[in-house]
Amino acid sequence: MKIGRQDQRSSAISTSNQDTILVRGHDLARELIGTIGFTDHIWLLITGALPSTAQRRVLDGTLVAIAEHGLVPSVQASRMTLAAAPEALQGAVAAILGCGSVVLGSAEAAGRFLAEISAAVAGGVSIEAAATRVVGEYRAAKRAIPGYGHPLHKGADPRASRLLQLGVETGTSGRHAEIAQAVEKLLPALIGRPLGLNVSGAIPAVLLDAGYPLLALKGVPILARTASLVAHLLEEQQRPIGFVMSHAASQAIDYDGDAPADFVPSTDA
Amino acid sequence: MKIGRQDQRSSAISTSNQDTILVRGHDLARELIGTIGFTDHIWLLITGALPSTAQRRVLDGTLVAIAEHGLVPSVQASRMTLAAAPEALQGAVAAILGCGSVVLGSAEAAGRFLAEISAAVAGGVSIEAAATRVVGEYRAAKRAIPGYGHPLHKGADPRASRLLQLGVETGTSGRHAEIAQAVEKLLPALIGRPLGLNVSGAIPAVLLDAGYPLLALKGVPILARTASLVAHLLEEQQRPIGFVMSHAASQAIDYDGDAPADFVPSTDA
Amino acid sequence: MKIGRQDQRSSAISTSNQDTILVRGHDLARELIGTIGFTDHIWLLITGALPSTAQRRVLDGTLVAIAEHGLVPSVQASRMTLAAAPEALQGAVAAILGCGSVVLGSAEAAGRFLAEISAAVAGGVSIEAAATRVVGEYRAAKRAIPGYGHPLHKGADPRASRLLQLGVETGTSGRHAEIAQAVEKLLPALIGRPLGLNVSGAIPAVLLDAGYPLLALKGVPILARTASLVAHLLEEQQRPIGFVMSHAASQAIDYDGDAPADFVPSTDA
Amino acid sequence: MKIGRQDQRSSAISTSNQDTILVRGHDLARELIGTIGFTDHIWLLITGALPSTAQRRVLDGTLVAIAEHGLVPSVQASRMTLAAAPEALQGAVAAILGCGSVVLGSAEAAGRFLAEISAAVAGGVSIEAAATRVVGEYRAAKRAIPGYGHPLHKGADPRASRLLQLGVETGTSGRHAEIAQAVEKLLPALIGRPLGLNVSGAIPAVLLDAGYPLLALKGVPILARTASLVAHLLEEQQRPIGFVMSHAASQAIDYDGDAPADFVPSTDA
């Protein structure tokens, strides 16, 4: 059966023949390898055009900002999975990338939030009025305000501040950064407590101002955290901690289901 | 129960407090964001040290070289999966990264191959003798020689040639590149037919010479192809082709199992 | 940092010591293996209690109903991924299970839909009034009505009819099945066209009536399709079609991006 | 480009038209749903034929045996991933199935081990001689003997004993079970210490004797553990422990990388 859209039959990203690979129209071997950097290539693949120096600096900044934050749950899960299955390294890597990436929808959600407010402002409303309205809609739908608050960095998320500064340094800072900061000032009044802009809010704030497409925002944390996972998996192979973490996690949980009267659980499990 | 190694209890990659995130000892917000690029950060995360300019150029070159090659099976699978489940985008992305990465063991396998020959050469054997011996071992174990041959680029893989050139330009070219080219010359005699060095062989050839760790080689195609997947998933959301591909794939396959005499399969399925 | 809920510290599913494994309080080796079937065990794991014969028959029926439907996109993607990476079988399996399961949220979505109507009916409203209201809410939120319609089985989904019949045969049929059929009758008036109850709507209709928990509904298609994937991956290893499908899919798509004037794409790619 | 095998163009598992779905030649709705159980259906999908009662009992026994063993690393990883990303449930499930399944290659590896010895016995060698030779080959290749030993069940794995008993009860017990037990007796002499047959060794021992295909052995732990994961994910949604485990795991690991002299890590992180 034919299901879904059947009218699109083309892709514009890449093609090749025996001698040449084209990527967004550029000859990969002759024009790109050794000439542009990986960050330039990411922007090219996603948008179809090479970035300006300012755009590349901003994309670099966001990728560096969100790549690593220590033994977060997805990294713990990855290292525990690899520790339990060293013979299946490649498969573990495959699965682990999945485990890691499911937690990374925040940058896109925050991007949509900023874009909604920006659209209203473009329609003639003040930033304060637009922000108040959109925050109100999120609250009414019981949705958390994406891009604000952090369990550890309760004052200001140092990465967010630096990214906003980078937007100014590169001359790309614009409406989205303005909105992101305005919302931060309004939140105490709107939701009853202060929540600082976090890295997942700063990333779309600076990237959207730099001209990066909203629908590709999720690619930033995905790429960045993949770099982190590669590093952690290497360290796990050299200095394993997966089993230590697994054992500690087990020790923290009791069994409270049914059991025969005389059953004694393993003391070390 | 305790299983596995219990003596390692440390990680050296990252830690944080309320104000500061350290990555390999560097203050992320104050020293890294906006100062170094993503490729520098990848090298730092993986090795613990920032790369030299030459090292960064080589890593950039390998990432750019292997990121994109059109509608390869893993990209097709990704776009078909997303087309069938647009409402589960984040989950599709998670799974898709897995599907894509399982095909990327070649660079590491080729790295091990080159490293084996290099170790023998370090022991005093000539490159030709070492290569002949190791190729012979692979053949006896019925293992394909990793890093050579390509179904499309039958002459020379243009990406491989450019990468070797980049190794020379950056002054990092050394034994592994020498071995990679020597093996290419020897293969017709050793295995009976010519096979050109491909991109998966050139990547470790230049990266190992540049000082990149062998165990982290798989991270290069994983990161690079993740960038490609992000671009393809964006294009799929804007100009879907997943269903067209799925339909074409279905039309190419018959059902040849049991069926009641009067059963007529759907003509369009 | 502590994040999230910290007050739960127990699990009731399983524990063990050197001689005994308890699953929901039962001695696995002495009471379960060889005594109960896998379907009984699924119900026991999920709910904590063994199923009645009627409950097991209904769960069996739903699992059998949704396991297999030929070369659907997720199966195509799986077989193409495996074909491209036979040496990474275990990793491919891991990733493939992910790819396959992302498309399986329908049974749970339909379960929530039926449960919403059932809750209203429990509050004293007629089925027709409750269904009309909930369908109206979904329409206003631009949400498709989950559990109805199928691109191939446009008349009646034969699996749905049989499942409803099984609910009657086992004496478990109740409100949810009643609601599911009432909605089917009302849809032409409410949304302007007929949509038959499909298997993803019939599954929660019969399982919720049998006492199966709503939050575990997704487990049914996940388990069932896993069985299908295992069968398809075995067939792929014995009679591969992954490359044929990949080739057909490629042939169906053009490249319409930029290219140098003299570039001729590979004719067979 | 065409890559790989191009001559197979058929699948024998399932086809359909508007009114009927065929699975291995059987009419799904009219002959299978409500008539056969899920375990029968698994055997049918994988082998193309319905199982005898004995075969179904053995498959049931193996699935029940290996489904659940408490908070093993893959389950911990799953629950921690879900706890960190409750809004991405479906994606978490997708990724989690991957994480869980990479650790499940033991049954197939043990199956191959038993099959190698069985092939030698079929060639006229005694079980003792064949087992001694194959164990010797594994030892020389530094491969662990798959199917023997367990970190917790050091005496006898209660699941393994019960499965062997089930093979006798169902009248299916044959050469593979004989070999499995013979190897267990020989191991102290061959490898210097006793290792009991574990559940991953008993599963192929009984399934291969029952006629189940070797290449589909991995499907047993994959299906079985999927049932366990569904149960654990439901419990995680109702009584979350993911964050408690994540916190305990973090507390067990120090940071021993570089840091500025005055840096004080978060005490609760």
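Read from first to last, the chains carry the letters A, B, C and D; within each, the first residue is number 1.
Please note the rule applied: contacts are C-beta pairs under 8 Å (C-beta built on N, C-alpha and C of every residue); 3 or more make two chains touch, one makes a residue touch a chain.
None of these values were measured; they are calculated from a predicted model.
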Moving step by step through touching chains, the smallest count that connects chain C to chain D is 1
Matching interface for A-B, options B-D, A-D or C-D, criterion over half of contact pairs identical, gives C-D
In terms of mean CA position, the chain most removed from chain D is A
When centres are defined as mean Cα positions, the distance from chain A to chain C in whole Å is 29
Chain-centre distance (mean CA atoms) for chain B and chain C, in whole Å, is 34
Note: chain C residues in touch with at least two other chains are 1-3, 9-18, 20, 70-71, 83-84, 88, 90-95, 98-99, 101-102, 105, 152, 241-244, 246-247, 252-253, 255, 266, 269
Contact graph of the chains (line, ring, star, complete, other): complete
Seen from chain B, its contact residues with chain C in the complex are 70-74, 76-78, 80-81, 83-85, 87-88, 91-92, 94-96, 98-99, 101-103, 105, 152, 241-253, 255, 266, 269
Within their complex, chain B touches chain D through residues 1-3, 9-18, 20, 22, 24-27, 48, 88, 90-95, 98, 151-152, 252-260, 263-266, 269
In their shared complex, chain D is touched by residues of chain C numbered 1-6, 8-21, 23, 28-30, 32-34, 36-39, 41-42, 45-46, 56-57, 59-61, 63-65, 67-71, 83-84, 90-91, 93-95, 97-99, 101-102, 104-105, 152-155, 158-159, 161-163, 165-166, 169, 213, 215-216, 218-219, 222-224, 226-228, 230-232, 234-235, 237-244, 246-247, 266, 268-269
